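Handing you a structure now.
Letters A, B, C, D, E and F mark the chains as written, and numbering starts fresh at 1 in each.
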Amino acid sequence: MGETGMSKVVLFGELLLRLSPHGNERFVQAQDFHAVYGGTEANVAVSLSQWGQHACYISGLPVHEIGQAACNALRRYGVDTSFLVKKEGRIGVYFYEKGASERAGKVIYDRERSVFSLSQKEDYPFEMILEGAQWFHFSGVTAALGGNIREILHEACRIARKKHVVVSCDLNYRSALWDRDTARREMTSLLKLTDVFIGNATQTEELFCISSDLPEGEERTFSAAERLREMFGFRLVAFSERRTINAGRNKIFARVYDGTRRATSAVYDMEMVDRMGGGDAFAAGVIDSVLKGKSPDETVSFAAAASALKHSVEGDFNLVSEQEVRDLVRGADRIVRR
Amino acid sequence: MGETGMSKVVLFGELLLRLSPHGNERFVQAQDFHAVYGGTEANVAVSLSQWGQHACYISGLPVHEIGQAACNALRRYGVDTSFLVKKEGRIGVYFYEKGASERAGKVIYDRERSVFSLSQKEDYPFEMILEGAQWFHFSGVTAALGGNIREILHEACRIARKKHVVVSCDLNYRSALWDRDTARREMTSLLKLTDVFIGNATQTEELFCISSDLPEGEERTFSAAERLREMFGFRLVAFSERRTINAGRNKIFARVYDGTRRATSAVYDMEMVDRMGGGDAFAAGVIDSVLKGKSPDETVSFAAAASALKHSVEGDFNLVSEQEVRDLVRGADRIVRR
Amino acid sequence: MGETGMSKVVLFGELLLRLSPHGNERFVQAQDFHAVYGGTEANVAVSLSQWGQHACYISGLPVHEIGQAACNALRRYGVDTSFLVKKEGRIGVYFYEKGASERAGKVIYDRERSVFSLSQKEDYPFEMILEGAQWFHFSGVTAALGGNIREILHEACRIARKKHVVVSCDLNYRSALWDRDTARREMTSLLKLTDVFIGNATQTEELFCISSDLPEGEERTFSAAERLREMFGFRLVAFSERRTINAGRNKIFARVYDGTRRATSAVYDMEMVDRMGGGDAFAAGVIDSVLKGKSPDETVSFAAAASALKHSVEGDFNLVSEQEVRDLVRGADRIVRR
Amino acid sequence: MGETGMSKVVLFGELLLRLSPHGNERFVQAQDFHAVYGGTEANVAVSLSQWGQHACYISGLPVHEIGQAACNALRRYGVDTSFLVKKEGRIGVYFYEKGASERAGKVIYDRERSVFSLSQKEDYPFEMILEGAQWFHFSGVTAALGGNIREILHEACRIARKKHVVVSCDLNYRSALWDRDTARREMTSLLKLTDVFIGNATQTEELFCISSDLPEGEERTFSAAERLREMFGFRLVAFSERRTINAGRNKIFARVYDGTRRATSAVYDMEMVDRMGGGDAFAAGVIDSVLKGKSPDETVSFAAAASALKHSVEGDFNLVSEQEVRDLVRGADRIVRR
Amino acid sequence: MGETGMSKVVLFGELLLRLSPHGNERFVQAQDFHAVYGGTEANVAVSLSQWGQHACYISGLPVHEIGQAACNALRRYGVDTSFLVKKEGRIGVYFYEKGASERAGKVIYDRERSVFSLSQKEDYPFEMILEGAQWFHFSGVTAALGGNIREILHEACRIARKKHVVVSCDLNYRSALWDRDTARREMTSLLKLTDVFIGNATQTEELFCISSDLPEGEERTFSAAERLREMFGFRLVAFSERRTINAGRNKIFARVYDGTRRATSAVYDMEMVDRMGGGDAFAAGVIDSVLKGKSPDETVSFAAAASALKHSVEGDFNLVSEQEVRDLVRGADRIVRR
Amino acid sequence: MGETGMSKVVLFGELLLRLSPHGNERFVQAQDFHAVYGGTEANVAVSLSQWGQHACYISGLPVHEIGQAACNALRRYGVDTSFLVKKEGRIGVYFYEKGASERAGKVIYDRERSVFSLSQKEDYPFEMILEGAQWFHFSGVTAALGGNIREILHEACRIARKKHVVVSCDLNYRSALWDRDTARREMTSLLKLTDVFIGNATQTEELFCISSDLPEGEERTFSAAERLREMFGFRLVAFSERRTINAGRNKIFARVYDGTRRATSAVYDMEMVDRMGGGDAFAAGVIDSVLKGKSPDETVSFAAAASALKHSVEGDFNLVSEQEVRDLVRGADRIVRR
């Protein structure tokens, strides 16, 4: 904790308890649930911590032992939890059943009225939290929680801007959480405070009604990126893309645009171990690359490879080292002996 | 379904998802949670179904797959779930960490705003449900949920009385759910509609302020039973008692009083496998015995043995046969070969 | 139990205990066997029960706890077991080792002299059982058991016909159980009492010596279907087909012919989780569709999709909802969030 | 294989597949069965092999992979399986549910018509098998299987006697396998060919109607031993005794009589991990001690300690070293570090 | 990290990978090893961190992923690992088989030539590490590793003394690691730099040849404590005591002497879940109490209760809260509901 | 043991304890390690034993229980361990994390200073061991261990040659164990004592600098084989080849050359369950085929199919029967029922 070049990244969002049947079991067969903890910003935090950044995760959790276990899951991978708030209440839960072959994966949310979603503004002293930070990251999922959260988020962004902290946002639009019109309106106001935009290309085009006569492909995606830059003044737009073959096999790739360079990654054809957190791994790859001063081409390669690797790791966290991502980028061997 | 002598018993209460770390693991160590379903009235229903009664369980569950799994857990052991209501919403959850030796067991509840606790009166057509029933059972835990539940419960008791259905109540006072004064007031009004009272002796004395100069023991307990009979007009009072040696070892015994006969069971000294549902097993033993026309002595013996056996069975349900309970009553062998 | 449109389907066959090593372990490595229960007609019953039918399963099981566990496995998924016969004796067992890549799956049967195979005619009062039924289903596996079973089966078909109950048969020819000549003779006499025929196309052609100069394909299969209709007077012929790529990957599709319409399903290319019960899932899809008045095209689509989904579910039972099958038919998303 | 002082011990009996629910689960809860292999003579063979003897186990098993796994279970612990016969057929199975506290353990047998029970005389060339042997051991369980087994057993004993091979028998009377009169008649004729008798004292007195006015205790047991010596001409009588506190706690001790010395072991008060094979561990302790020329006092101490240790080991086999048994005899430490 | 009243405690020692068969399995049965990390000082660090201290753990680990996992195990419970050294090499391993009933537990060490045991003096900048610390703790196990470790330890103690940091030592003599004479000589020189002594009473008397004519008991132990104070000038002597009933049941209690007050704890009679780390939990209890300014009576009660609770927790770490220890001291309930 | 046609094959090498996280878990996630035992020559021994050869495995192991478990793992599958040496010391360990999709597998070795690597010449009486043997096999991994091992290996080869025992070597070059120049020099001297060469084609060409202008393919590989024959006088050269698609999918095939016939196997496209031991399975296939007098075409088919099957089996050992290999060669069914 203190290596040269380590940047402080502050992340704000909700940590959920994820409960999954073992292997290919269905919910109605499960006698056990595998328990991991995850949440879009927490997943980004774990990636960044592993890659040498000082990831400072801001959230609220219950005071009981399950809340402590959630906190421990982050500490285990080096995330700074010193600003986590503990209160009476519940932790949000989601049940996740993996898909297989023709059978779709399933998510059942039970996250309402969690400690985090009932946060008070005074729980998070962002003036103090953002002191010394280089980066602030949040996602559309956090914005979707409503209540005080949205206001806290706006305040955090404003303080970040004031302190010249880079702000990034992963759009992550979920129709189950809010309707399209509310989402567009709220995200528009938040994105105006954002420097680096990360999102799924198709979803972004739809939410912001960026219509185009162009056929699907490079040209169309980059012109959408250009439109976004114009609309919000982003320094960087990073798009991930996914093609679903079936529940066990997907292809992904990514594009990054900084106003000048149009960079596209390799395509990864993946047998999926766990698809949760694939987009968060991509977001972490973008943030880490920009913090380390990488070019758009290096950024898109690293972020896409990080995302591809996530799909091979159980749980929400992308437990891969920077070296492993780089090895995949350069096409290294399939077995490593030491 | 239709054997001679089978009685229809209607039970009303909440079914929870219980999540427990494996073996002796603590919450903060758990990578998996063992999932079972339980609830005080549901536990009674499973016992009765196994012992040949037609147990008709009335509750509300979410429409999603976890709700279905909860329903299936009851169907698996023969409980009639045809009046279960399925709605959008959540299932109540409790996390349970077993104690061991000097370390106490722990329960964390996350049951607020469940589908059941938000029940509407019209969800449960008790006039139809209680048609043909011999018995109606509920517990103080259900009464404690408040909201519409208490009113629904009163209505169910009134209909039961009108139809000459025997009403039993397991006091099951939990200070975490409601305060003593509210509990006393509400339970008093419900117990006036009750025929058979089941409870822990000490707890009952405390809640209803039945003071006594008598030292702890038979005399004191039976005079408390007499007081209760006078206060509420019960046909039968059944008390269980527990002495805690440590988190892994308890002694239990029971007493039953019908206004005439003072019956006391053997004392069971138990190495505990799972202490959840021990009181519910006792309640089921009382109900089954009364339905089968047993004497107070037979009743107390059967119910205490059933409760003792529950402590050796994993989960909330007392998965033991009537024959196994009878074998324990008569002190049969420790290994059965067939 | 009593929703509008629910039909009573009676199924007659054997329920086996299946014991499988975990994951990809071989028999000689196994320290544990995963235990599920299955049997061709029982598998059909579970599908139908989930899809809203009243599935009444007729069989014999031992009185001991393993027999009870087998019965519970059916009750868990809503199958009516009230006519199950319990007797002294054994349950049939099969050991199943999954194949992987180049390594073939293995089945070792230990099913001789089971309670079911030693059934007496008086165990099954089919006059009473078939009262109010719309459908009676059995398979060639049941017919192959010999002894009294074949006679009981003939009697059941005769009673069904008398009561205008639709009779369906899944050919399911297994050379390990009986020789081809006996099978052809016996099945011929049973199929004369059958309305709806279900089978693997190739196997059916071989067993009934339906030779053809036509190349493999649609034309050849439908002309075989026409021949069968002529031979036995079937209302409907439903053929499933399987192409094996390796032990972990198969393609399946299906064809249905009602004398007029030649309907063919989509082809499903599947990474297999568990191939047991794939044909039974198809049979259930056919029965459910016909009961719900679907067209041959709807029938073949639903039944093939149901079968494809089964290959992604552990165990013998096809634990998928009607909605999930319909989602696959219309090509829905690969992850479902709610 | 060939150390000085190693003796060849031939054992003849049946090897069964044992299937047990995990931990304290009941049969009706089990989703998995833990699989081990065991049988009274096989259990003795494994003990002897570990303690340096050449244990040659004679039995019949199916040719399939489960039969191979059973054979491998013995090879793993050094038992000589070169005379095992492999044939088409089934392996005997038993389901075993452990007891806990007040709940009795349960055994369900499914061993009829196994390959072993259908043995032919020519399967076992005992003239060749017993060449170079010092000892032949069998139990009353084997004698109880009837059919050809009893005749084969008589023949083996006769050949052993002819070759001056010591013959030992563990009475092991099981009322579930045969009635008392048949058992008494058959065992009497086999025990006349036996040199060393091993059995539970109470069971032995009952089967052979050795009545006594003496109160339970040393005097009574040793006079029963004397009676047996007179009746059958035994060189040594070894009695084990068990006192059951509950399903999880037993006390055991033993007595050995050689016509001169009345030796009694210490009493072991045991928390039981697995009670199967406790008697077989005792028998192995007796055989090993006699082969190594130990005194009755050394024999009874070693055999009782071996039996006590078995109760702490999962499965049927007593996987403890000679050193561990000796450590218990001399009261060594409770933790061993190396 | 920075709450009022938090003290910085520096701990120096080795972290080992512990591999244990599941449940009651023996080494020769194990198909899986449960992996935890532990070491006497690390175990103390985890306790202190949970109880609100800033525990700074100093050690060396391999750079590979298993080394990372070891580090993560400490971070998970809040231990400061920022001074951990990572180098090429191996991690020490120990295999641990739990005892049960009459069967002793077993430990097999494979810890030679670990990264820690090959430490260089320059790996640990103790001048910097001890800056701001209140306490430095080490054990006799660390001293026993020899090589550079002993010299590093002396240096650390000298720096601690210079900086007025309290030094504590847990004697923890292990005859498998070094002989008695070397141990006495080395420990004598280290104890002269020590303020607070922690040890097993019997072991301490033996190692330092503190003979006594007094019978075992309070008088004898406290006079030994007085002798130690005289020999080494300790501020506090804390003795734990253990009485072994069998491998699954032990009694423990403790005594603390500060030169004035002779304080003795309650006796705890424990069914043991995991006996590893019992002494370390006691040491942590002493250190935490002294840091919090507790009296000898409070210290001995808290430390003994902490040690008793450890025996109920799987693994080496004593994962119990300060509140749980206090609850045991005051004899609280056996089940906690919230 | 003694069937006609069984040949004695002696194998010399190291047996390691392999520890792997479950399923797709990463090292940093593992709470359990699955433990198997393996080593290149041991893996060959298990294959040969299963296929009817007398495999006599020569190695050194620690005297403790983990060493015993390693020995038992070989006995379980019929390998003759009577010449295994047991000494104080440690067993070599390797940690193996499976790869998945884009994520490479990982191996961490901890094998230094094992009992085997510290072997003394007098531990292995090869004059006696090779008595009656037909074949002696070793690999380049054994040669790489250095110390006395290389000298012992030379001596063993010389004795084998003297006794007209066929010597085979699997090149198995591992850059982590030794540098290329040392390897080339040492292997050259050992291969001069070798009759049958087995290796990966590309690796062999590189190590022995067999340059070629030919494009990759049949011509090039066979001319390399011819070069090797010329250099070392081999009777047979057997090359395996692997094409990596990703961490979960590989293609393999093989070529065999006996100086006359250029035989090439089918190509197997494999979903990999466990890639460890794939080359050893190939080596065993070559040895078994030559011992049974098969042609180069039969040899290459059998050996390649054996290797393909290994990739579908968990652990290092290729637990497949000769019949299963033959079934794959002739393209048999994907499910076998008996």
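Throughout what follows, a residue touches a chain if its C-beta (ideal position, glycine included) is under 8 Å from a C-beta of that chain, and two chains touch if they have at least 3 such contacts.
This one's a predicted model, so the numbers in the text were calculated from it and none came from an experiment.
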Reference chain D; chain at largest CA-centroid distance: A
Farthest chain (mean CA position) relative to chain B: F
Of A-F and B-C, whichever chain pair has more C-beta contact pairs: A-F
Approximate Å spacing (C-alpha centroids) for the pair chain C, chain E: 62
Where chain B and chain E are represented by their mean Cα positions, the distance between them in whole Å: 45
Where chain B touches two or more other chains, by residue: 23, 26, 28, 31, 64, 72, 77, 106, 108, 338
Pairwise touch network: line, ring, star, complete, or other: other
Touching chain combinations (by label order): A-B, A-C, A-E, A-F, B-C, B-D, B-E, C-D, C-F, D-E, D-F, E-F
Touch list for chain F against partner chain E, complex: 19, 22, 26-28, 30-36, 64-66, 68-69, 72, 90-91, 93, 95, 97, 106, 108, 110, 112-113
Complex contact set, residues of chain C against chain A: 23, 77, 268, 270-274, 305, 308-309, 311-315, 319-320, 324, 327-328, 332-338
Chain E residues within the chain A interface of the complex: 1-2, 64, 72-73, 75-78, 82, 338
Footprint of chain D on chain E - complex, ascending: 23-26, 28-29, 99-109, 174, 176, 244, 246-249, 275
